[in-house]
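Written below as structure tokens is the structure these notes are about.
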Amino acid sequence: MVDHVYRIIEVAGSSERSIDDAIRNAIARASRTLRQVGWFEVIQTRGHVEDGKVAHFQVILKVGFTLEDGQSDD
Amino acid sequence: MVDHVYRIIEVAGSSERSIDDAIRNAIARASRTLRQVGWFEVIQTRGHVEDGKVAHFQVILKVGFTLEDGQSDD
Amino acid sequence: MVDHVYRIIEVAGSSERSIDDAIRNAIARASRTLRQVGWFEVIQTRGHVEDGKVAHFQVILKVGFTLEDGQSDD
Amino acid sequence: MVDHVYRIIEVAGSSERSIDDAIRNAIARASRTLRQVGWFEVIQTRGHVEDGKVAHFQVILKVGFTLEDGQSDD
Amino acid sequence: MVDHVYRIIEVAGSSERSIDDAIRNAIARASRTLRQVGWFEVIQTRGHVEDGKVAHFQVILKVGFTLEDGQSDD
Amino acid sequence: MVDHVYRIIEVAGSSERSIDDAIRNAIARASRTLRQVGWFEVIQTRGHVEDGKVAHFQVILKVGFTLEDGQSDD
Amino acid sequence: MVDHVYRIIEVAGSSERSIDDAIRNAIARASRTLRQVGWFEVIQTRGHVEDGKVAHFQVILKVGFTLEDGQSDD
Amino acid sequence: MVDHVYRIIEVAGSSERSIDDAIRNAIARASRTLRQVGWFEVIQTRGHVEDGKVAHFQVILKVGFTLEDGQSDD
Amino acid sequence: MVDHVYRIIEVAGSSERSIDDAIRNAIARASRTLRQVGWFEVIQTRGHVEDGKVAHFQVILKVGFTLEDGQSDD
Amino acid sequence: MVDHVYRIIEVAGSSERSIDDAIRNAIARASRTLRQVGWFEVIQTRGHVEDGKVAHFQVILKVGFTLEDGQSDD
Amino acid sequence: MVDHVYRIIEVAGSSERSIDDAIRNAIARASRTLRQVGWFEVIQTRGHVEDGKVAHFQVILKVGFTLEDGQSDD
Amino acid sequence: MVDHVYRIIEVAGSSERSIDDAIRNAIARASRTLRQVGWFEVIQTRGHVEDGKVAHFQVILKVGFTLEDGQSDD
């Protein structure tokens, strides 16, 4: 049980509504193809502005997931 | 069209309600005098506490905007 | 009045709902035993994922508070 | 159209001639298997020296690309 | 169960033998007075040299622990 | 002669050809409205990719210039 | 009263005598054209050496000031 | 021979015994599916504590490997 | 004598006169309740401005002290 | 063959023409007195501006070289 | 006794066995020509991989030593 | 005249009186053996505490000096 080996990848997500939603969108998308997502860390919060208003928030996340035995590392 | 030249400035904004609102306030204020704001990046998230509660959230943003031809750089 | 001396500690808080709430939870908890909390700064925003969804958001904050005269520094 | 979700990977490239070429080589190689590469950021510029001369320049890039629907995140 | 609130402190430890031991010493000492230590992160690895040899290794750790209800934050 | 007081601003520039040219473009544009530009520092090197090729290089620079007496700081 | 919006700029100052004086010089100069300067943060401390002695100390500061309503952001 | 192009990924490994072993475990696991692993860099050293003792050490590594011609970049 | 274990805390101090004095004030205050303070490191130097002049300098210090046997870590 | 021990020094170089040339100049100069230079890393890219144009590019490099047996470390 | 003046240099060391040994090798080598080495700080931990195994660990250290009176600074 | 090539070294200095004096001491000592010292940058400000008072301030500086033709780089 002890020797956890996992990978960390970087994904981006965005939302017109909020930073929280941009995070949820990125996690939902990543979880469609990765079964064992365990945690995330926000490493950048940005956004686009149109007509003087925030058009959407965008986050870049580090996402950690467990490697299953048959799974490729790349 | 290729050689985009723009400036990046630092602004702060705050809100009693949420981090998202503090960002929107900063962008709205900056857009009153700058016409071509295109993006922002959050570089610090802070806040003040009064009576053991968050009194307001405060963000510091980098804000990028396009320079128009007659516009000064300073 | 001038020579403000205070301490800064690091606390973590979390919430199932939002980053804002994770901050409010950390501040509320810290304020139960520290009377003079004045400000916070978010130094890390993370979260846990379960079944492909954000299970909770977690923040690590620096929290500044004033030392009262009889209070220990450690 | 709004909720852009993409991934960021790290690649290295090198060239005997120039830093610009090392970047172009890395992008050209990454684009052979990734169809939607959109941007890059240089995060390290290094090089090897032989006989007192720069033998080749080497760059490490973050490269952002859009995830297509059938595509795996790992 | 969800809203974990804990504190993070910084401790140093050292050992004549190895970095691993310097970490174990710091954790053992911190755990004498803190009951709920859960994790650590190494933020600096240093050492002292005497007569041209490593006299001892020294680490500085961030240490996270859970706050119990009656416990003070300072 | 001694007490130099100057300002530092952040500008971006881009070029289809090279990083060197992106820098020159940013400096040339900034010098149209600022008379006393003295130095720059590259703080970010990025670029856009189209059809698997570098479409343009983009740099963000800190640019230092001397304040003249009648000049505003904002 | 709550939603403070301000700007942060970068200025440099120098002094033959001390770091403290270099800071005071930079603040005095910035305050000649900006009415609402509220705080500063030292982000770099440098200096020039002539004939083996410190010729002058130089600081780079971030300076925060409040935007008044008629004031431009650029 | 000159234009080396490779990818860098992030993996984590852990061990009950030592930091060195946590690194070896991460490298051994990554090498099961990646044939051309060439180097690693430790970017974080952490660990978990149980009953006042280090339960296991955990490292996060950047791992560089060469891309073979038929290999995908994602 | 070898296995030094100590703690590091963060304190702030300020002074109307100088950075050196702000440091001395922070150390003097911390030493009222901590008997074994051994060293400090300046991690931030800031200040407040009133009427275009530096009203006070403020420093944030990391302060290292030895843990005595009966002393609590929190 | 295994225990490579080498030193890393910091050098600066400049060129009126390009960043690549500024690097080559710094390496060529360092190699006049150091026989075993093996690699470099660019840690800063700056430049001077005269009459609104880039007068020269300047780089600061970390340069690694092997220590030969009779060679001094300072 | 008070005014300690010393220099800090950067050295690298490696070992097939462990990180601790890579540090000891770097210190032993540096101490062959520098008599007054007092401390070190690990600033990077890397390694090379061959055939899917760690071939050797490599560390980069900052090493501080006291300058004796007749000694050159370069 | 254009292609300036110089070296940067790291030195430490200390003083019982002030940070400014610790810098002056480090520069004076470095200038005894290096003839062409041109600038410095403070990269760390620390100090030792005895009996609850600052016993001495200590700075670590990067110091840049021009290489003369007959001079060794190591």
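As written, the chains take the letters A, B, C, D, E, F, G, H, I, J, K and L, and residue 1 is the first residue of each chain.
Criterion: contacts are C-beta pairs under 8 Å (C-beta built on N, C-alpha and C of every residue); 3 or more make two chains touch, one makes a residue touch a chain.
Everything quoted here is computed from the prediction, not taken from an experiment.
Student: If we look at chain F and chain H, which chains touch each of them?
Tutor: Touches both chain F and chain H: D.
Student: Quick one: how far do you have to rotate chain H to sit on chain L, C-alpha fit, nearest 5 degrees?
Tutor: Here the rotation carrying chain H onto chain L measures out at 120 degrees.
Student: Taking B-F as the reference interface, which entry in A-D, B-C or G-I shares over half of its contact pairs by residue number?
Tutor: Equivalent contacts to B-F are found in A-D.
Student: State, to the nearest whole Å, the distance from the C-alpha centre of chain C to the C-alpha centre of chain G.
Tutor: That pair's centroid distance is 30 Å.
Student: With centres defined as the mean C-alpha position, give me the chain D-chain G separation in Å.
Tutor: So the centroids are 38 Å from each other.
Student: How many Å are there between the centre of chain A and the centre of chain H, using C-alpha atoms for each centre?
Tutor: About 20 Å, centre to centre.
Student: Multi-chain contacts only, two chains or more: what residues does chain L have there?
Tutor: Residues 7, 9, 18-19, 32, 71-72, 74 of chain L each touch two or more of the other chains.
Student: Spell out all pairs of chains that touch, sorted by label.
Tutor: Pairs flagged as touching, ordered by label: A-B, A-C, A-D, A-H, B-C, B-F, B-G, C-E, C-I, D-F, D-H, D-J, E-H, E-I, E-K, F-G, F-J, G-I, G-L, H-K, I-L, J-K, J-L, K-L.
Student: Which positions of chain G touch chain L when the two form their complex?
Tutor: Where chain G meets chain L, its residues are 18-19, 44-49, 52-54, 57.
Student: Within the complex, which stretch of chain C touches chain E?
Tutor: 7, 9-16, 25-26, 29-30, 32-34, 55-56, 58, 60, 65, 71-74
Student: Along chain L, where are the residues that touch chain G in the complex?
Tutor: Answer in residue numbers: 18-20, 23-24, 27-28, 31-32, 37-42, 63.
Student: Which residues of chain C touch chain I once you look at their complex with the stated criterion?
Tutor: 2-9, 62, 64, 67, 71-74
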